[in-house]
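Heads up, the next two complexes both have subunit A, just with different partners, subunit B and then subunit C.
And now, the complex of A and B:
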């Protein structure tokens, strides 16, 4: 790979010159028109030279600073200020199962990759939005087919999708939007209506005017987003732009996963989208184990305890749900608390700069005791400082704190400051 | 995020992260009332940690103290095993103060001296603070749980086979309402990582936070009627590894209170109203949300007229 390297026999001067010319040509070629994006990634960055085997036999990058900065960009981009979000979401997931979904550019096929990632997405969605509902629509053979009704049970969606995999015919975006709009019509006004289309096809084969369907979605305040697997399609971009959604194209399986999971946290919401209201909710008590009861949702005899609706005393076997008898929303307080971190996010950490006072640097991460960079014999990478409590953290804890824990361990170990979220 | 699913972890090597409450208010009350001093607790903890480490030669333990002055690592068995390569002289950072200098022999004495030092510092500050201003009486439980989870995840990033992690929370003080969100966040994170939180309440009252933590994460909650026999309880219940728990009958709490308390009167309610914008809970209808200021545009909501009755799910 390095033609400019020293020749062992010591070649004549003109040969060296020629080598240098060739080298220049090669470089121009690498940087220029012929190199594809993925080739450039390998040719320019030479990522394999940056690897080193550690004590445990795992490959580690020699200097991970740049890589870590790249990965931090994502949650730095997230807004830190408190913004209003649509916490109670009604989302229709439109999965394209047309002929294009059988393409094998994703392995083993687009359809299989989408099915696996949609499962991840559904679990993450209900983890982050326990009060929300989701339904699945499949686009296949020119028609839209409702796989599941809007409901709050992740498992039923996943089984329904897995049971009906199989690519056929054309995709019709208009039919999908119309069916999604029909599904979202009866939901209460405070709910946020959303459609996420996972699209493999580059065409849409519609029975009527798709622009009318888009206008209807806009009128009903349905936020439509599209995640594409192939290439950008004009009508999808228009749909996302007009309805306030996002349109993204996945370049790889990992990228598709990231793009899908971007739809898991509740999106920022405008006040006029969904007027605020007080929702009547019940907080059922759990019956002690061992008492036999028949649950209202499955009509099964259960011995392992059930929840009792405080209004009509019907028994349900899982929360959150809607009472099957009096249709009140049944909820437990942890479910509500699970959503609070969206409202009180941890401020992003700042990267510590070597120029700022280097006296008395902690050698280890406050949270996990791993060695930090910046001191003699320390690890490579970035060192992060919380702007509120000024403790130092490692890169991994930064990711944990902002992506899964949603608490700053340092800030939790000091008296509450006035700018902290209320408890 | 989901670093290790259960099969990738070995089932007999455990990692236990212990959060130990050293709030002088609790221990003071105990010292007078229940004849259980903090010194006696430290002695019992040393026996417990030593016997836990004897269960398997690869067992790991880390101890975090939670007090009124913050939380700190006082013991980390992984650092002592790896030797000086991982040992950074950290004289400046109180939390990591030479965690790794000891060998296998001296766990007892080192643990005792560190706990004593932290406790006496806390007591000193408590006495100093008594003269001026309102001293802080709250234990930073959420901070200790957050640090413990970061530590667990660090071990799960390490070489395979990974130990089965679990957390043990030895706690005494009542719940602090201002830590509700942070404690719940830590709990959900533990649930996602499949890290059970075992709880041993040595205080006078049950903790609703920790009851929920144990319930959600699949841990064991116990409130010993005689705290001075702490060691017996610890050896009987939280010392069980996760694999053995499938075959043993562990004490089960009578019930977990999942009811919410309203933000307006702090009453525990089973029917209430929830703001659709910020999910605050209220016990009575109002025109405006007192938390987020949203003005409710609709009249008193009734159960949606168009709401369909659901089909029984298969």
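And now, the complex of A and C:
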């Protein structure tokens, strides 16, 4: 149906490879694309997602304002106060690749959508939690397969997942939990243990008692969250409730992305879960390009620039990671600084209420200069106000400021007041 | 919270009230004010019980001259739930009002549920416990024990008896368990204490039978005052309960047993004649004067009362030809002989009581008047002969039961003799049924005796039919819808399979392989898309067997098993309980399961499939009764002649209420959600659909009708995703919840 390939957002390296192989086919396909332009629009623009059926069965355009409020409500649900967070996370991502993942209610299939979004999630995860580790487990044909060990390198996870796509058989949540627990059990106490299950299946086919597996997870203080693709399953709800995780169901691809990314910021940590302790870390220096050295991670002679472990002088290619020789945590200071914003978040913006005099309203967003709603000829949607600097922002900028920038442009432009908290 | 309802202060134990609860209270209050009867339908999950309890107890507080609240439930489990609710309400009222709000509320059940005697309470069946109790508590046993200390007595009954009228329960709410605990602590028998305390209680909760079955009601409910309010909860099948209370079935075994009983009784009479002839003579004299004065009998000697209704029992002397014990036994022998002969009929016979009596008179010389007394005469004889083991004489009691009913009623009954089961014509299994056709007979005394009777249930649609069936004039008839914060139920009418061919369980279509396959595909598709539990209801056991067989051959069952485990209800209770238990376990552990069940079966009536135990219920077909059944035909004829209810109207009404009852199993509270699929093209027709209860109809969108399997699947997927999103349960603003402040405002929501 869809003219795009199975991995519409695949990395360029793959695309190049494919180009080389399918050069001839591509032209024919290109021609086919032109002939069926309506189809491409259908697949790319997702026009059906912009429509909603009302009570009388009529189709209506989506209510943008209501939808934006709904999304904001989800963001605001996270407490904005200064709370203790588990900054050093060990997260096992359990991806369900059972028969149900081959269903096509998400386009082109659940599996392809999940794979693409998991890639986004992994990148976002390491961006927000540079000190953390992640591993992937696949559920397929009744067993749990460990795709990657817990490690800090996003690229290796993404490659491993891409390489092993293919749906088959039943999913066994119990096997997945047991394998995840085995991986997370030896983690030191300061690490925050988490399991995130991306579940397509509505049933779990277990060899033993899943309630025992859940109890074991609870005992090991593993926070298990589930993101479902189809409907609410009781056992997943129980798992999340007992282990302190969340259980959410995606209604569309965009929603699934939001739900997955909700797991990117570090979750709140309880005092008894993670006692404060000092951790030994190394801040390696970057070697200039051109100096040949044997890389510890690839076991190969490399010429490009790399980092050198300050303790054992081994060479590693990317940061953050664990030294392959002396297993010290290696990272750079910007990584550490990036984790900082979780502790001092930007205060959530308030929605502007159309009560005060609209004469002095700024017509554009302070950050992006796009037109704001509420004035004559303005856009649709919500208008937001920063409680600290009182500047007006649009919905998209609100999302960027709170999700990736973690700095309010308005507050930064203002002459600093001495009592402001940093951030 | 506390609020004013048309001048009555209502105490309600929760912070919030649903709008439909408010209107419900209003209707109940109006019925009580008018001292009339009410017929109210409100869906399950809207807090019907607490609304009723709160309104009526508040009414009692405001009008101290009002009598008791008598709350009739169908099962012991429901009784306990009501008592728990009442306890909450009571705690709140006492907090608000102090001591003056104290009430005494108790549940009454059979000896089996209340006995605390160490050995007898361990007996399995109800009859055994009853008989065991009588052996220890009968007057003659106790007087014999006074002379001979070796005879065993029940310590608890003796403890209770010693206290006499001083044995009282302090005010409070007592569940069956509380009664037992209290009884143990005091050393009193909880059963007799409870029966004694009915006179003093403000709220009594017991089973339907205690009110409707004249045999039981004559003993238990005799002394209740006129001002009482009687509530029948979950009363959608009340007409059937009424009919069952007055119907008797006799089988070959019963008659054989009755003959054995007669021989035994004959021996006992002979023995008494030799040893204690005075007793028999005393009984004879008593019978000359009139019927055994049951009122003077001690409580512990009472057995079941006359099966006929109190008004119909003649207050006159027992006819001369059965006053002597041996004459009576000879009379019964003749009667049993006659019944046996009739039972040997080769084809189905159906007749009215009049022609039956005529034939009886001609061939056996038994007249109706004598027959009328046969139950009481047997009762009196057994007391005289000091027989405690009533269980042993069960067969003979049944025969006398039959005799008395036939002798008393000439209208509204039919006698049907079937020599074999319709489904197995080669196996002789004769059965003689005395079937009551008129449901208004048994409930008539209740309406006449009590000031207000409230009949309520989640499904009473079409509500206009009930007053005609039960032959009464309610002052208020109302059906309430559910106010919802989200669409927590999603009914759909599926009329076609994916191949666009219609599906139905109509007789000429049901065995069509295309229909069977389409039904199967529907379940396979749904099993893929719906999490946890799915419940399927079929129209009958035989249809379920047939369709499961074909699904097995087509490989559909195998496909279902890939997604969910399959469990089946059978006619065996133990097996079904086991299947249900495993079904729940499969739902709990995430494997998911499908339960195949039958409309009108035990599961459809009493088992809840709430939350994840039932996310979807599929009603395969319209559950019409077996229309070739003689009893049903006789009843339909009677309804048509007496109440002018058309046959078709009644059949449809009965089928749709069963269907509504089945699908209603899936949703038990507002925070729950579930889908319902009516899989038959006949639901598409207005005359069927419009008979569904209001709370289903209001949720049945036009876009959810006349669906095919793939359309239904699409709707199901969307719906399940939508329902899985988090929602706020408190929504005072949208008007689906009322708090105290909202109720102080003038009420705009008058129900027309």
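Quick note on the criterion: the second predicted complex is superposed on the first by the 293 of 423 C-alpha atoms of A that agree within 3 Å, B and C clash if a C-alpha of one lies under 4 Å from a C-alpha of the other, contacts with A are read in each partner's own complex, and residues count from 1 in each chain.
The rule is simple: a residue touches a chain if its C-beta (ideal position, glycine included) is under 8 Å from a C-beta of that chain, and two chains touch if they have at least 3 such contacts.
In this text the structure is predicted, and so the values were computed from the model without any measurement.
> In the overlaid three-chain picture, which partner chain does A:254 touch, first (subunit B) or second (subunit C), both, or neither?
Neither subunit B nor subunit C is touched by A:254.
> Would you check which partner chain A:283 touches, where first means subunit B only, second means subunit C only, and both and neither mean what they say?
It touches subunit B, and subunit C stays clear.
> Which chain makes contact with more of the residues of subunit A, subunit B or else subunit C?
Larger number of subunit A residues touched: B.
> Tell me which partner A:361 touches in the superposition: subunit B (first), subunit C (second), both or neither.
first
> Taking the contacts subunit A makes with subunit B in one complex and with subunit C in the other, which residues are shared?
Residues common to the subunit A contacts of subunit C and of subunit B are 56-57, listed in rising order.
> Provide the residue numbers of subunit A that touch subunit B in the complex, in ascending order.
Checking each residue of subunit A against subunit B gives 56-58, 84, 87-88, 127, 131, 149, 151, 153, 156, 186, 188-190, 271, 274-286, 288-289, 297-299, 310-311, 322, 324, 326-328, 331-334, 336-341, 343-344, 360-371, 375, 377-378, 396-397, 400-401, 403-416, 421-423.
> Which residues, counting only subunit C, touch subunit A once they are in their complex?
528-532, 563-564, 587-592, 611-612, 615, 701-703, 717, 720-726
> Please name which positions on subunit B make contact with subunit A in the complex.
1, 62, 70-71, 73, 76, 79, 86, 88-90, 92-93, 95-96, 99, 136, 140, 142-144, 146-147, 149-151, 153-154, 157-159, 176-182, 184-189, 192-193, 212, 216, 252, 254-261, 269-279, 281-282, 285-286, 289, 291-292, 294-298, 300-301, 303-304, 306-314
> List the residues on subunit A that touch subunit C in their complex, please.
Touching subunit C from subunit A are residues 53, 55-57, 100, 103, 105, 173, 202-206, 209-211, 228, 230-236, 248-251.
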